[in-house]
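Each of the next two complexes has subunit A plus one other chain: subunit B in the first, subunit C in the second.
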Partner chain A sequence: MSLNKVNYMSLVKKQYQFKLKAYLNVFNSLIILQLFSILIAFNPTISHGMSGYSYHGSLDSYTADFSVVFTLLWGFITAFLITTRAYREDDYTFVTNNQTQVWSNSLFLLTISFLSGLTAMLSGSLYRVIFYFAKDTNEIIWHHVTLTDFFIGFMATSMYILLFCSLGYLAGTLVQLHKVFVFILPVLFIGLLIISGNAGKNNFLVNSFLFYFQEGNLILFTLKILVTSGLLFSLSMLLIRNKEVRV
Partner chain B sequence: MVIETNTLTKYFNKVKAVNEISISIQPNTITGIVGRNGAGKTTFLKMIAGFLKQSSGDINVFSERPFNSLIVANNSIFVDDEMLFPDVLTLREILVEGNRFHKNWDMNLAHKMLDYFSFNPDAVHAQLSKGKKSTFNMLFGLSTRCALTIFDEPTTGMDAAVRKDFYRVLLKDYLAYPRTFLISSHHLDEMEHLLEDVLLIDKGKLLIHMPIDDLQEYAVGLSGSALIMECVLKDQDVLYRETINKNTIFAIVKRGADVENLKRMGIRIAPVSPSDLSIYMTKDFKGGIDDVLK
Partner chain C sequence: MISFVVAQLIFFLGMIALFIVLLRFFKSKFINRKRNQWLLTGYLVILITSFTISYMLPINDNNSARSVRLINEDTKIPNLHVVPQMTGSIEMAEDYLVNEWEFDFEGTELNIEMLGEDIISNIAIETANLNNTVEVGLYMTPHIIDNIDLTTGHIPTANVSLEDSKLTFQASAPVEVKISQVNKEFPIRQFKDSNYLSNPDWGTGTGVYEESTTYAEDNKYLEPVDNRIFSTELLYIKIPADVDVSPNEELNLFFVDGD
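On to the complex of A and B.
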């Protein structure tokens, strides 16, 4: 019997298409989270009260940004999840190796970043509609959103989700390599927060945050995120290359 | 050669699971891998499939190092009862995915077997019973028509009727589409008619690798009175001996003795089936299970 040759990229494509079907259930948790975020957004984030001699007024601010925050966390957890044993071994039932697996996983995560970025933005619109009918007042000052605003918001949100996905994937990969990272990573994370909190404004951590979050140019921002998450996925690929399966 | 290993060794935390195994396996053969529980069969097979990396020694599958090799992944399938399938896909959808990944996939065979073993095509793999899971994994493995098909204890949980069907469909499919099979099993007696070669592993070491026909002729069982047996066994290659009672000794020796002469001395001679031979050869000389209860 002659051997079948393998085309690397076409295998990655097959795995990617497989994952779009097989990992469909990750969207269940996304929908629940985004609906939940709409619910809790009915509490005002900021309240101003004013009163004078003959008048009394109040201004409550509402925002649907929770949806974005939740989606970022969801991206991190989903990426973490698909590095775990059950997901990893699914691939080995079909055809894979350690490298093509990271390729198809990162393409899958890129896709869900855009999809969840879109639904996160759209849940903002849904929120406005529900808000309009639910709140018993006419005095609503809408923050106007143009199509350009929407697009910029969508791209930026998707890129943030991708960044969180690549961080989650790296964290998951480390935990797969050694269980001790389950303890090390949270300690490291909280430790860094405390250190940067104490160190004042001009430390490495704050500066690297500013490097991403203060970028005003969408194209530059997108490039920065794409390169960063590309590096993070490459690091995951490098780390996992000698990992055995089904031990 | 499809598989070649040279002093292949695998440690798990300083325990040698596979200990310097050197074999070569010809293409288009069915080889049975037998041994006790924990003998190292699964570890050996997983190294061939490229799931595990050897600690020392060499291994080549299709002239490639199997670990992380796409050629090996693409042309081999490893079937056992721990195979994982995505839990959102139905059995029918799993077959569709199999077809996308494996070039030689036979969808006709897959569907016919799915029907024959009365699976609900819309069922989910995780909800199948133990025996049904094994049956499905087996039909998945056969349908891939991979050049190297590895079955690691494929019959776990299958009832006798399904096992019989499995042996039959495997043999028929092998004759129609010759390829290399490795099958580890505890049911050597049931599979004897399938196998061409047998690989007997004990405590990580290779004891025997030979054609099953030779194995059938490999040894004979002798039993007789203790005094005569003691004399006779001195000149024989003894594989196993057991004192039945004070006056009787049973032993298995390599064939080659003058059978007629032994018969004249009052020794009973019996053939030893490969299945029995593999049990006796891997038995610890600690007595039997009966001694545990004493």
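On to the complex of A and C.
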């Protein structure tokens, strides 16, 4: 019998530090996705045309939103993948249980949320620089991003990524519990989309979307995301805590 | 036939499948840890450098070579199609005078002729206290999208002449304008743009559509539709009291004085 007293927080810390170094390769795909998103962002997001008396005008709107969207999807998939066996096996080099796994994964996902949020916002700057030198139009209206704007965007993007990470982690946990969720979750999502499309504007999916995306106060928004993510991670922990631990 | 929702879904599922393949690829040992660190560090250096450069680019907020004008969203723009009818004069649209002409005229009957591909069908005629003079004013309101005045510096003009009782209006060659705007990312717009998602268009679905979609034609100010305000134009002609304007079925003539 071991006489070493195991400290719960130090276990979590060790696993977290290990994951920060061992899972660095997840950023490789993020780099490719963000560079790809910059490429496709050279197509206008929205195009308007207007005609009138002796006048034909068009307004093309460009934005680096694709970089943020792809990063959100990347966060979801990364969180999903770290629940798979290939990644879970790495945890067993430590003294661990399912709770410490979830804690260290949550901290890891929180860290990569902020890192990827930063790269998503910075890639917007890269996009603007390339756009300035590459595009040739009569007139360009620049909506300049101030430092305050950048900070707000960084915080908001990081929170969105954290939300998607928590959703991906919960989805991955459910799949680990029972493989049938591999079919149930996509069917559920598709069903919600179809019901939303038929129901118009008053439905669960739309209201959930607006609950976060229509919030104009950054502090309230951050609270909403942190509470939601906390609940999702807690639910994951609850679901996995009684799963058989590998000896 | 695949509906739009299903097409979107297929696209997103395809993207997710691509991402999973990419992540699996990079999970393998193709790139070792040291190279991962260098790759990430190099990428961050590029991003930070571009971030710094973006603040040095010679661009100003809301500016361009031609100083495209931004319209304050509280600005009320008169609907020139109804202003003379509703107010009995052109006073409220004085800011939108594009060009004006003055001709000496001693006849008693005036014919109006429109030439060119684009004609102005909205013509108002006022009998004014003029002495052998005909005054013509061309009024136009701007095209506005997302509070951007697309017609800044591109207002079309016209040639107007008066010969042998015939007032001829010749439209100018059409102006083609292409404007681009580089927007901020949506997480920034969510907190900085007061109108962000204030009136999202979710479509009607298959349920009962409750809101009315009628356009307020009796409103003397233009209302935005989908963040767009279309231009209106008006030719305002002032004639002496003893002059009559010949009727023209092709033109929409409105007599401010009622005749």
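Heads up, the rule we're going with is that the second predicted complex is superposed on the first by the 227 of 247 C-alpha atoms of A that agree within 3 Å, B and C clash if a C-alpha of one lies under 4 Å from a C-alpha of the other, contacts with A are read in each partner's own complex, and residues count from 1 in each chain.
Simple rule for what comes next: a residue touches a chain if its C-beta (ideal position, glycine included) is under 8 Å from a C-beta of that chain, and two chains touch if they have at least 3 such contacts.
Predicted model only: the values in this text are computed from it and were never measured.
Student: With the two complexes overlaid on their shared chain, look at subunit A and say whether subunit B and subunit C clash or fit.
Tutor: Fit - subunit B and subunit C, as placed by superposing on subunit A, sit side by side.
Student: Looking at the overlay, does A:31 come into contact with subunit B only (first), subunit C only (second), both, or neither?
Tutor: Only subunit C is touched by A:31; subunit B is not.
Student: Which chain, subunit B or subunit C, ends up touching more residues of subunit A in the combined arrangement?
Tutor: Ranking subunit B and subunit C by residues of subunit A touched puts C first.
Student: After the superposition on A, what does A:10 contact: first (subunit B), second (subunit C), both or neither?
Tutor: A:10: touches no partner chain.
Student: Which of the two partners, first being subunit B and second being subunit C, lies in contact with A:216: first, second, both, or neither?
Tutor: The second partner, subunit C, only.
Student: Should A:18 be classified as contacting the first partner (subunit B), the second (subunit C), both, or neither?
Tutor: In the superposition, A:18 contacts subunit B only.
Student: Could you look at A:153 and tell me whether it touches subunit B, subunit C, both or neither (first, second, both, neither)?
Tutor: Second partner only, subunit C.
Student: Is A:89 in contact with subunit B, with subunit C, with both, or with neither (first, second, both, neither)?
Tutor: first
Student: By the touch definition at the top of the document, which applies to A:193: first (subunit B), second (subunit C), both, or neither?
Tutor: After superposition on chain A, A:193 lies in contact with subunit C alone.
Student: In Å, how small is the closest CA gap from subunit B to subunit C once the two complexes are overlaid?
Tutor: Nearest C-alpha pair, subunit B versus subunit C: 5 Å apart.
Student: For subunit A, which residues lie in the overlap of the subunit B contacts and the subunit C contacts?
Tutor: Touching subunit B and subunit C on subunit A: residues 21-22, 24-25, 86.
Student: Could you list, by residue number, the parts of subunit B that touch subunit A in their complex?
Tutor: 27-28, 46, 50-53, 62, 67-71, 73-75, 78, 82-86, 88-89, 93, 97-98, 100-104, 147, 177-180
Student: Quick check: in the complex, which residue numbers of subunit A touch subunit C?
Tutor: 21-22, 24-29, 31-33, 44-45, 48, 50, 52-65, 67-68, 73-74, 77-78, 81, 86, 119-126, 128-129, 131-132, 135, 137-145, 149-150, 152-153, 156-157, 160, 186, 190, 193-194, 197-201, 206, 210, 213-218, 221
Student: Any idea which subunit A residues touch subunit B in the complex?
Tutor: Residues of subunit A touching subunit B: 1-6, 8, 11, 14, 17-18, 21-25, 86, 89-90, 92-100, 241-242, 244-247.
Student: Per the contact definition, I'd like the list of subunit C residues that touch subunit A in the complex.
Tutor: Going through subunit C, the ones touching subunit A are 3, 5, 9, 13, 15-16, 19-20, 22-23, 25-27, 31, 33, 36-37, 39-40, 43-44, 46-48, 50-51, 53-54, 57, 59-66, 68, 116, 118, 120, 140, 143, 145-146, 148, 150-151, 154, 156, 158, 171-188, 190-192, 194, 196-197, 200, 202-207, 209, 228, 230-231, 233.
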